[in-house]
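Common to both upcoming complexes is subunit A, partnered first by subunit B, then by subunit C.
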Partner chain A sequence: MAKTLFEKIWDSHVVVDERNGRSLLYVDRHLVHEVTSPQAFDGLRMNKRKVRRTDLTFATMDHNVPTSNRSLPIVDQTSAVQIKTLERNCKEFGIELFDINSPNQGIVHVIGPELGITLPGTTIVCGDSHTSTHGAFGALAFGIGTSDVEHVLATQCILMEKPKTFEINVVGKRKNPHTITAKDIILSIIRQIGTAGGTGTAFEYRGETISDLSMEQRMTICNMSIEGGARAGIIAPDEKTFDYLRGRRYVPKNYDELVEYWKENLKTDSNARFDKSFTLRADEIAPQVSWGTNPAMTVDVTGKVPFPEEYAKGNAEEQKAAVKALQYMGLKSGTPITDIELDRIFIGSCTNSRLEDLIEASKVVNGKKISPKMRAMIVPGSQHVKKQAEEMGLDKIFKDAGFEWRESGCSMCLGMNPDILSAGERCASTSNRNFEGRQGAGGRTHLVSPVMAAAAAIYGHFVDVRELDLN
Partner chain B sequence: MKGSVIKYERDNIDTDVILPGPYLKIHDYNELAKHAMEGIDKDFHKKVKPGDFIVAGKNFGCGSSREHAPIALSYSGIKAVLAISFARIFYRNAVDGAFLLPIEIEESAYRDISEKDDLDIDTSKNEIKNLTKNKIYQMKPFPELIGKIIAAGGLFNYKP
Partner chain C sequence: MEPFTTIKSIVTPLDKVNVDTDQIIPKQFLKLIQKTGFGQYLFYDWRYEGGVPRKDFVLNDLRYKNSKILLVRDNFGCGSSREHAAWALSDFGFRAIISTSFADIFYNNCFKNGILPIKVNEQVLCKLFENESEIEINLGKQTIKNENIDVSFYIEPHWKKVLLEGLDDIALTLKHDDEILKYENAQRNSRIRVS
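Let's look at the complex of A and B:
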């Protein structure tokens, strides 16, 4: 029977097939961080259980680590305790940890691929909804909660109902790959299918546009699958995938043999059927800017802050939501997006903090200064990204322009470490969620690509990056 | 299961507003409960009573996978969330630790139920009685896996 890529990976990991699509799946890689794991380790201790496969479990600290000088002690005591707790748990249970001073430390979804822990055809779980990122490598990757984390630590298996398959086809060529980025593609998709459009499904991103993307760009796309409601997002691996991973620290010794197997097996059969399908034309995509309080509330940079009735298209609930969102965001309908002035810029997060993101942003910034009223931060996704960027002199470009160049971590994506917005502050952010209070209570988030954020830093308001000379 | 309703007339209530990021560092469940719903309702912890139900619109619990969200609601006293639909990680987290029942209802029931209505939920009959309005609504049956985890009293008691 013809199968999709998702179904092939699912089927090859079934340990026990119960009825009605309910399966116990084997987990190939388990990534652990400090926030969603403490209770799981407590549970193991309480029940005198061990970690079943310490060799398949990797931990780092990213969510609440400060991104300032690492030689200083952590001021926030509850953060310090959570970080210490992970250290203690990893030591007690024998799990490899990339701690705050490790050269491998970084956001869990940046370091997994970077270290070659993420591999095609594998199942990957992590107590973080953005685990979908790893799907960029043709892995089946799910975000899970703490009970499931404990279950996986104890059994190396996860109990799931099989999601439906949802094909997202992106066809054609982008007008300019430097200004129409992967972030603009995924925001366009979510804007059209809605935040619950993918509920109960796993996305497979396909089409010429997706094949054209680099691995880092594919990660940006898969990262935000959860923002479209899907549990996972996957892209079939190709030569780019195999080249990206070759030689990385944790890839198996028989890598080239594996590549042959992956080439043969990790693709959707030509006559396979998806449960759902959506097609987007790449040549119609413009740079995107979110105006509201969920990622589907997004418009083209050339657009205006919408009127609630125009956004809602007759749906009373959507209209109410838009009114609330505009109130929270402090925006007036009809305002051109390029008239929106900003207080803060955040370039970072598991969505957009990789080397390519920083290279593209640096082209916008090179030789310029940020707007005088602006506070702008660059937070590389990992220590490796930071080091590579410094070797290329990117840190100097950003610092000369007035950006802060910081240590790696989740930073201002989620408002649980010292990097937060104050109430009322407006931020152009390359992160993934513009929910109320996400970047700090009362903070106002506009989701954009790294080049859009960089340009906003220079001009003090949003600008259409297509109008800038990026050479 | 009887209780009274706290209603939020909105869709997409995300886990960041159910339990905002700064509190993810808290280990104690009763402490977490003090900050439940703080992102959209600062008075929630004052008005919630043990046994209460939350009623909300579509895609409840979207966003972050933090199990802290159902935990905070549960330790506030919430026994069930009735919503038109749920984001899947929240849905699963809610039952894994037997924190609360995520109950899917029809849009008409969502509209009909008001703040402070008293409900009597019978999951064995998939039936919700509105004692205040003297009406009966159907709840969507739990999918098989979720129903079995609930019946077992959480993921760790589940037997295939």
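Let's look at the complex of A and C:
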């Protein structure tokens, strides 16, 4: 029978088929971080259980680590306890940890691919919803809750209901890939299908536009699958994938042999059927800016803050939500997006904190200064990204312009460390969630691409990056 | 886990769509390293203003003080995978949540913490929002009832069993140890081994 890529990987990992739609799946890679793991390790201890496959389990600390000077002690005591707890747990259970001083430390979804832990055709789980990022490599990657973290630690398996398949076709050539980015593609998709559009499904992104994207751009797309409600997002691996991973620290020794196998096997059969399908024309989209409190509340940079009834299209509940969102965001319907003034800029998070994101943003910033009232921050996704960027002199470009240049971590994506918005502050952010209070209680988040965020830093308000000279 | 029994309670109506887990339990409370004690922080930013309970928020309405059932609109629990959301709801005293749909990860997390998430259709949901008296949820019979309401709901047999018997997921999986070993051995001998 013809199968989709998702079904092939799923089927090859089934340990027990319960024949009721649920299967016990084997997990090839388990990534652990400090926030969603303490209770899982506690559970193991209470039941005198061990970690079944320490060789397939990797840990780092990213969510609440400070991104300021790492040689100083952590001021926030509860964060310090959580970080210490992870250190203790990894030591006790024999798990490899990239700790706060490790050159490999970084946001878990940035370092997985960077270290070659992420591989095509594998199953990957992590106690974080953006695990879908790893799908960019043709891996089946799921975010899980803490009980499941404990379950995977103890059994190396996960019990799951098989998601349905959802094909997301992206076609058409973007006029300028430096201004219409992967972020604009995924925001456009979510804007159209809604935040629950993918519930119960796994996305497979396909089409010429997807093939054209670099690995880092593909990660941006897969990263936000969860924002469209999907369980996972996947892209079939190709030469770019294999080249990206070759030679990285944790790839198996017989890498080339694996590549031969992956080339043959990791693709959707031409006559396979998807349960659902959606097509986006990338040649028709503009840079995107979110105006509300979920990622589907997004418009073109050339557009205006919508009226609730126009956004809700007859859905009374959505209309109520839009009214509330506008109130929270302190925005008036009809305001041109480019009139929205900003207080803060955040370039970072597992969505957009990789080298390419920083290179693109630096082109906008080069030789300029940020708007005087603005506080702007760059938080590289990992220590490796930071180092590479510094070798290229990007840190200097940003610092000269007035940006803060930070250590790696999740930082203001969720504001568990000291990097937060104050109530009422408005931020252009390259992260993935604009929920109420996500970046700090009362803080107002607008999701955009790195180039859009960089341009807003310079001008003090949103600008259409297509109008800038980016060469 | 405590087995799930039939519950009878007044329903707390939280009339919102797309409630994300950042709202259910804001991030400043994710730093605790145990599973208990999260109830006091449930919906914190909606429940309190400057540390004082907000009169207009439903959880502060004394009528619903002992409610065990939360009623919400579409796509409840979207966003972050934090299981702290389920811990907070359960610690607060909720045993069941009724909506038209739930986000996937949150839905799973409920069962692992003794909470029954029930999906009903739009019509039934509206009726429940109008209803003000107690309802009874019987998981064994899969029904929601009172003098005005009598509907049944679907629940996957696996989850029903887990809740009714208060089963430990991990212990259940470890019964399949032979199969897991077999899978691992096959991998070990494979030319294309990745695990």
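Going forward, the second predicted complex is superposed on the first by the 471 of 471 C-alpha atoms of A that agree within 3 Å, B and C clash if a C-alpha of one lies under 4 Å from a C-alpha of the other, contacts with A are read in each partner's own complex, and residues count from 1 in each chain.
Methods note: contacts are C-beta pairs under 8 Å (C-beta built on N, C-alpha and C of every residue); 3 or more make two chains touch, one makes a residue touch a chain.
For clarity, every value in this text was computed on a predicted model and none was experimentally measured.
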Subject >> Clash or fit, subunit B versus subunit C on superposed subunit A >> reply: clash
Original post:
Which partner does A:R49 contact after superposing on A: first (subunit B), second (subunit C), both, neither?
Top reply: second
Subject >> If touched residues of subunit A are counted for subunit B and for subunit C, the larger one >> reply: C
**OP:** Considering only the touch criterion stated at the top, classify A:R19 as touching first (subunit B), second (subunit C), both, or neither.
**Re:** first
Subject >> Touched partner set for A:S147, first subunit B, second subunit C, both or neither >> reply: both
Original post:
Which partner does A:D28 contact after superposing on A: first (subunit B), second (subunit C), both, neither?
Top reply: second
Subject >> First (subunit B), second (subunit C), both or neither touched by A:G121 >> reply: second
Original post:
Between subunit B (first) and subunit C (second), which, if any, makes contact with A:L159: first, second, both or neither?
Top reply: both
Original post:
Where does A:D212 make contact in the superposed view: on subunit B (first), on subunit C (second), on both, or on neither?
Top reply: neither
Subject >> Those residues of subunit A which subunit B touches in one complex and subunit C touches in the other >> reply: 16, 18, 20, 22, 24, 35-36, 38-39, 43, 47, 63-64, 76, 78-79, 81-82, 127-129, 143-148, 150-151, 159, 161, 195-196, 199-200, 226, 229, 231, 294, 317-318, 320-321, 414-416, 433, 435-438, 441
Subject >> subunit B contact footprint on subunit A (complex, rising order) >> reply: 16, 18-20, 22, 24, 35-36, 38-39, 43, 47, 63-64, 76, 78-79, 81-82, 127-129, 131, 143-148, 150-151, 159-161, 195-196, 199-200, 226, 229, 231, 294, 317-318, 320-321, 324, 414-416, 420, 433, 435-438, 441
Original post:
Within the complex, which stretch of subunit C touches subunit A?
Top reply: 16-18, 20, 22-23, 26-28, 30-35, 45, 73-75, 78-84, 86, 101, 103-105, 108-109, 112-113, 156-158, 168-170, 173-174, 176, 179-180, 183-184, 187, 191-195
**OP:** Within their complex, state which residues of subunit A touch subunit C.
**Re:** 15-16, 18, 20-22, 24, 26-29, 35-36, 38-39, 42-43, 47, 49, 53, 56, 63-64, 76, 78-79, 81-82, 85, 119, 121-122, 127-129, 143-148, 150-151, 154-157, 159, 161, 163, 195-196, 199-200, 226, 229, 231, 252, 254, 257-258, 261, 294, 317-318, 320-321, 414-416, 433, 435-438, 441
Subject >> Contact footprint of subunit A on subunit B as seen in their complex >> reply: 9-12, 14, 16-17, 20-22, 24-27, 39-40, 57-59, 62-67, 85, 87-89, 92-93, 96-97, 143-145, 154-156, 158, 160
